[in-house]
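Have a look at these structures, which come just after this line.
The following pair of complexes shares a single chain, subunit A, combined with subunit B in the former and subunit C in the latter.
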Partner chain A sequence: MTNRLVNILLVEDDEVDVMNVKRAFAKNNIQNPLFVAGNGVEALEMLNNSIVPLPRIIILDINMPKMNGIEFLRLMREDDKFKNISVFVMTTSNEDSDKIDAYNLNVAGYILKPLSFEKFLSSVATLKNFWQLCEM
Partner chain B sequence: MLVDNNKIDVVSTRDAFSKLGIGTTLHFAESESEAWSLLQGDNKISPTPKIILIDINENGLSGIDLLHKIRETPDLKSILVFVITNTDNDENKVAALNLNIAGYIRKPIESESNIDFFSILNDYWNIIEFTSEKK
Partner chain C sequence: MKESVNNCEEELEALKKEYEEFVYIVSHDIKTPMRAIINITTWIEDDLGSNVDQDILDNFSLLKNRVGRLENMMNALLEISRVSRTNMELYEVNIPKLINDCVEMLDNKSNVEFHMTYHLKEEKCITLGKKLEKVVFSLLDNAIRFHDKEMKNVIIEVSENETDYLISISDDGPGIPEEVQDKIFAIFYTVNSKDVVDTTGAGLTVSNRILKMVGGTLEYVPAIDKGSVFKFNWPKVIRI
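Here is the complex of A and B:
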């Protein structure tokens, strides 16, 4: 999948986390175009107005201002155009209610942000291997 | 749970799980109707599986039907479904992706690659969180 370099949209309000994802992508040699939205409202605007090319993968934080990840996901899933996007939640929220909501909205995975960058790197490497296994 | 009508695949999956030390309970269904019976019918298993692997061949209709039924059933809709296939069938792929599967995956041709294949899947399952019920 990564060979075809599908577009990835990161929906994340924390600048340090955005930087960590970019660094982890670079270290794992993930060359897919990466676009960033700071919250759910911005992500929906980007998708609805084709401000970014249609992503095949979204990496989604949960706790964000204006519109959180679950609200964004609920609205996104209502639109047929975005139905087939694979969504991977990456969050610090270990709340069961968030996991239940996310899986009910059919995310492909719910990942807790590891505390150390080394562990984060390793999680991103695992994601890369999984993405390479998948046809999108 | 693995839904696969090919006995060799079932054996090699069981073998890969054993070699990789994947300790999770693995249920098998040889057909979509058997899978449905295990999920909702007389032979209902408990707890409901968190992950289902559906093998879809060229005529993927019954696998896609099963996926539809899972997504339309409130108790089952949140299950993580991976579709495994050995055929190029765009229609099946589009239908499965529109039903929000977690991955549409090409089955390895060489049986030796089976271990690598399940090793990658297992690594992925290990980094994701599930709700507090047991997988």
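Here is the complex of A and C:
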């Protein structure tokens, strides 16, 4: 059963947000392997050099140093190998321009980081439902 | 002469860009540590388990409430800065319908009676619908939120003259003390302590900004038998 769990790559620069995702995974009993990249450059390196197993799902922050989420997404979508990865943008940005940019690059979902952990838990529970479908 | 006008325009554009970048930074970069405070608080609370002093739990809840306030204030600042940048679409609005929609969106309206009166030749108009909705909603929300009686009455009257719609929203609540009436449009000002009524204190500030932008005015008039009356005129023709 375990070997069918899809790999998830989290691209996030904020340590607390990384802990937040890990914690929400534990609370929701999500056991998928989770890999973390601190920014777009690092994530691209991980993907291109197969440092991590190919993820089916990427959770992507937008505001990051070095290469932001939108730039990363644009470069990633240019590569055929990574065209089918489902990307969920998870960000504090409520700017229409960021949402439009993200949807133009074919994202599966756009999640605003809520202030409370409880709300975040329920967002992650929704994500879990989605990627369980990917595992079928 | 022409050159100096061009220079001014360029400078204005540069300032606008700088301002927008500033707002963007405020909205994202400050929210991140704010969220971290809330999250870490929740984790500590969670890790402490169930055998915790009530005092500690109360302090946790105070801490989270105050960070929540901070977020609301931040959102209000952003909203004010965006008054003339977002939701600027002109479209056809049916005024009574817009007011009914605002009533629908209100929380805690179970003990409220709404009394609407319309003196309009034409109920439809082309206007900045989202902005009008924001003003009407804020005034209705205030009328209920700060009301001090079990049964509440809110009166909405809409009429028109040649150039403007005249909208008045009144209630039979406590009214606003005379000595603070000139302060109510200031941002984050609340008549009572925020511990009594949890509110950000930005609704009137935002409404006032919107009215200034469209060329209307918002004024407070004390009701004869206590309570508050807020009146504003909304120009029929809006140039943006």
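The rule we apply is simple: the second predicted complex is superposed on the first by the 130 of 136 C-alpha atoms of A that agree within 3 Å, B and C clash if a C-alpha of one lies under 4 Å from a C-alpha of the other, contacts with A are read in each partner's own complex, and residues count from 1 in each chain.
Everything below uses one rule, namely that contacts are C-beta pairs under 8 Å (C-beta built on N, C-alpha and C of every residue); 3 or more make two chains touch, one makes a residue touch a chain.
Only a predicted model underlies this, so the values are computations on that prediction, with no experimental measurement involved.
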When subunit B and subunit C are modelled together on subunit A, clash or fit: fit
Contacts of A:Thr126 with subunit B and subunit C, given as first, second, both or neither: first
Touched partner set for A:Asn63, first subunit B, second subunit C, both or neither: second
Partner chain in contact with A:Val16 - subunit B first, subunit C second, else both or neither: second
Subunit A residues touched - subunit C or subunit B, whichever exceeds: B
First (subunit B), second (subunit C), both or neither touched by A:Ser116: second
Partner chain(s) touched by A:Asn94 [first = subunit B, second = subunit C, both, neither]: both
Subunit B versus subunit C as contact partner of A:Asn106, first or second or both or neither: first
Partner chain(s) touched by A:Ser86 [first = subunit B, second = subunit C, both, neither]: first
Superposition-derived angle with apex at the Cα centre of subunit A and sides reaching subunit B and subunit C, degrees in steps of 10: 80
Minimum distance between Cα atoms of subunit B and subunit C in the superposition (Å): 9
Interface residues of subunit A shared between complexes with subunit B and subunit C: 94
Subunit A-facing residues of subunit C, complex: 24, 27-29, 31-32, 34-36, 38-40, 42-43, 64, 67-68, 71
Footprint of subunit B on subunit A - complex, ascending: 77, 83-84, 86, 94, 96, 99-100, 103-104, 106, 108-112, 123, 126-127, 129-130, 133-136
Contacting residues of subunit B [partner subunit A, same complex]: 71, 77-78, 80, 93-94, 97-98, 100-106, 117, 120-121, 123-124, 126-132
List of subunit A residues in touch with subunit C within their complex: 14, 16-17, 19-20, 23, 63, 92-95, 113, 115-118, 120
